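You will see two complexes here that share chain A, one where it goes with chain B and one where it goes with chain C.
This part shows the complex of A and B:
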């Protein structure tokens, strides 16, 4: 599967060229909010005024790609939470108004597949339209779905994406559960914070993928996932992913790892580095965009940029390499329970 | 008893709030501006939002589409309907 084009909205200035040109946003809070562009030229104001944030980010990243590639045969998205703020507003209204007068807008946007549905409606795309919602592996599942689709229809082109929004409701609940740091940490210090918990982020990354090598930015050689793996099982899975492409760990030039500053779970990344990739370049990304369930979509966007010659900011370089990478392994876990990995080459 | 002019101003503020018409101010909406089919570019989902507005803010329930078509014409008609049907304004 080949990546032909891509678009990203994140807490960094990724929608414009600013991030790729070296502009880095720093955060002093525990939630990194997306730098949304002005959507006015892209989305009619009559539609824009109704959209929640995740819908805006999804349309903002997906619609330009669908407009540019009108022959796209399907839309496969991943979102763990979807329009969670609309869902919460709707549910609160159910309680407040005793199931009486409920506004339709919150309801319409409360379902996770509303984003893919609206993209299809806006572009009259009647093809395959699926949204994967399985938490920290939603994007890996969407990627697998896209891969299977392209095996069946090698000539097809798909829009693939992963997106989630910051939710105050979820943040407060997950904070109590220990998912986030209890004290604000400057994003430049996040990975060395040495304390439990991480920071919350949000964003949307979308890709046009197909089976044709010509004009590709990168090739996704493989994707895998597993839940509740032991460390030994994870290593076995990663080796198997490489073996399926006739590669060994030494063939990998760089690894993009999901370090998020949580002292209790970053050890998984340390072990992967130590055991499989002790000499390779290592890059982080969650200290740029925070943690969210579909953040591996951002990791894929980031890795694709690395393959295209992007010089990453020093904040993302844990171990440098003087050469442009040709093969990158992305490994990310969601709370040390859900593990996803992707192999990317030029 | 609220004055009709004050009620109409309140209605415009509520329409802007419920429909998230961020670019508009109450003075941008004339009392006889058509809600649907006019410059406001409202659609069927907006009509449902206005029905919810009337129920939540004034306790008035529009029970069928025919009734709604006679009321949701402009701010004048909405205000007349509220004054005629709500006793504790």
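This part shows the complex of A and C:
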């Protein structure tokens, strides 16, 4: 599977060229909010006002790609929470008004498949259309679905994406579940913070993928996932991923790891580095965009940029390399329970 | 190419707690849509629902779970149906934990059935309930994967009311492509104030038992269910009793409206045509259609138009939502199980409550239990909000 084009809205200035040219946003709170564009050329203002943030980000990243590649055969998205703000607004009304007369707008927009549905509607795309919502593995699941589709229809082209938004409601729930730090940490100090929990981010990364090498930005050689893996099982999986492409760990130039400053679970990344990739360049990304369920879509965007010659900011470089990488392994876990990994080459 | 054989099924719905109870109710024409026993909602006294007649506490006891475990009703029903399916298929622990086994579920409600706890936790009104990890759409999938030590591919699909039809489709595709040996596929959704009020706000929630394909249909009855199927590649289930085969599937988007189907039935036609194409089954070979048949004004007419357009005629059909209510994310897999009952028993379960035929179509749904024709191929339709249409074609396990 090859990446032909991509688009990204994130807490960094990734929708323009600013981030790629070296501009970095810093955060002093525990939620990193997306730098959204104005959307004015894409979405009529009357519709924009009623749209939830995840929908805006989904249209903002997906619609230009679908317009640019009108022959796209299907849309496969990943989102853990979908229109969470709409869901909670509707739920709050249900409780507050004791199930009185309510307006349906929030309800209709709350369903996670509304994003892929609206993209289909706006571009009259009647092809394959699926939304994966499997928490921290939703994007890896969608990627496997896309890869299977392209094997079934080798000439096809797909829109693949992963997106989630910050909302105070899911922030509160995850805070109660112990996911976030109890004190604010400056983003420049996040990875060395030495305390449990992380920070919350958001964003949307979308890709045009197909099975034609010509004009590709990167090739996705493999993707895998597992829940409840032991460390030994994870190492075995990562080795198997490399073996399936006739590679050994030494063939990898760089690893992109999901370090998020959580002292209790960052050890997984340390172990992967120590055991498999002790000499390779190492990059982080969550100190740029925060933690969220589909953040591995951002990791794929980031790694694709690295393969294309992007000089990453010092904030993202945990171990430098003098050379542009040719083969990158991305490993990310969600709460050390859901583990996802991707292999990317030029 | 490997074939995707159904070797196990598990189901819990308003018709009962296992396959046998569900089959008997269908054969007896007994609807499960009644006044609810457990649902805490203003609508409990005014509306009928397809409620599962088992309390959360009883589910926990039957499943051997501690009474304070943070599982939602969505999770409990899923685990209950999952157990029946894998037991029937005779899957071992080694089978479940194999990287060649996928678990593909679906839900549109997830933990939102815990309305009041969710309201409190999301607004920080207390110390946090035991359910903080149970709210998301994918929570039940992860809980079951961890409980059952499932370590291969797992996902949760949400395409609204076609969600679990897409679970079946994805599982069959992975098996046919040789990526995995087996998949446990299906979906789960509990009754929730969230969806009840949502469909009510759209003015498509019926107070009485729904009347699919009636000229004066009054909207949908909401129900709850979980249904799972074990799919295995033909090479790895030799010696097992095959119940059915997943022959074809089509997924398309209607690309018309966020909450209604187009007059031209674009998505419906594309989904059915896709299922015919992948299965190689000819339109005239379809013995029976288990229709989406929600009993909303928009769905039923559009569905019949789409069937007419894609098949050229309207075969015998019925909507079993007149027994279970609309079970949303579980509907696709629940109705696939019912379609497999039709294949196994050579029966068509009648459409209840259709009194006045629709003006636009002379073909009425089946209204009596039919045992007079062999059921060779069944088409099962599922259409959802945001234009998500999926059709499956199921056949006998030869």
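Just so it is clear, the second predicted complex is superposed on the first by the 346 of 346 C-alpha atoms of A that agree within 3 Å, B and C clash if a C-alpha of one lies under 4 Å from a C-alpha of the other, contacts with A are read in each partner's own complex, and residues count from 1 in each chain.
The rule we apply is simple: a contact is a pair of C-beta atoms (placed from the backbone, for glycine too) under 8 Å apart; a residue touches a chain by one contact, two chains touch by 3 or more.
The structure presented is a predicted model; accordingly, all values stated were derived computationally and were not measured.
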| item | value |
| --- | --- |
| Touched partner set for A:45, first chain B, second chain C, both or neither | first |
| First, second, both or neither for A:228, with chain B first and chain C second | second |
| Touched partner set for A:102, first chain B, second chain C, both or neither | both |
| First, second, both or neither for A:173, with chain B first and chain C second | second |
| First, second, both or neither for A:323, with chain B first and chain C second | neither |
| Touched chain A residues, chain B compared with chain C | C |
| Shared chain A contacts, counted only where both chain B and chain C touch the same residue | 101-104, 108 |
| Chain B - residues contacting chain A, complex | 18-23, 41, 43, 45, 48-49, 51-52, 55-56 |
| Partner chain C, residues of chain A touching it in the complex | 75, 80-82, 87-88, 90-92, 94-95, 98-99, 101-104, 107-114, 116-118, 120-121, 123-135, 137-138, 141, 144-145, 148, 151-152, 169-170, 172-177, 225-229, 233, 337-338 |
| In the complex, chain A residues that touch chain B | 45-46, 49-50, 97, 100-105, 108 |
| In the complex with chain A, residue positions of chain C that touch it | 41-43, 99, 107-108, 112, 115-116, 118-119, 121-124, 127-128, 132-133, 135-139, 141-142, 145-146, 149-160, 166, 170, 173-174, 177, 179, 193-194, 196-198, 200-202, 251-259, 266-267, 270, 384-388 |
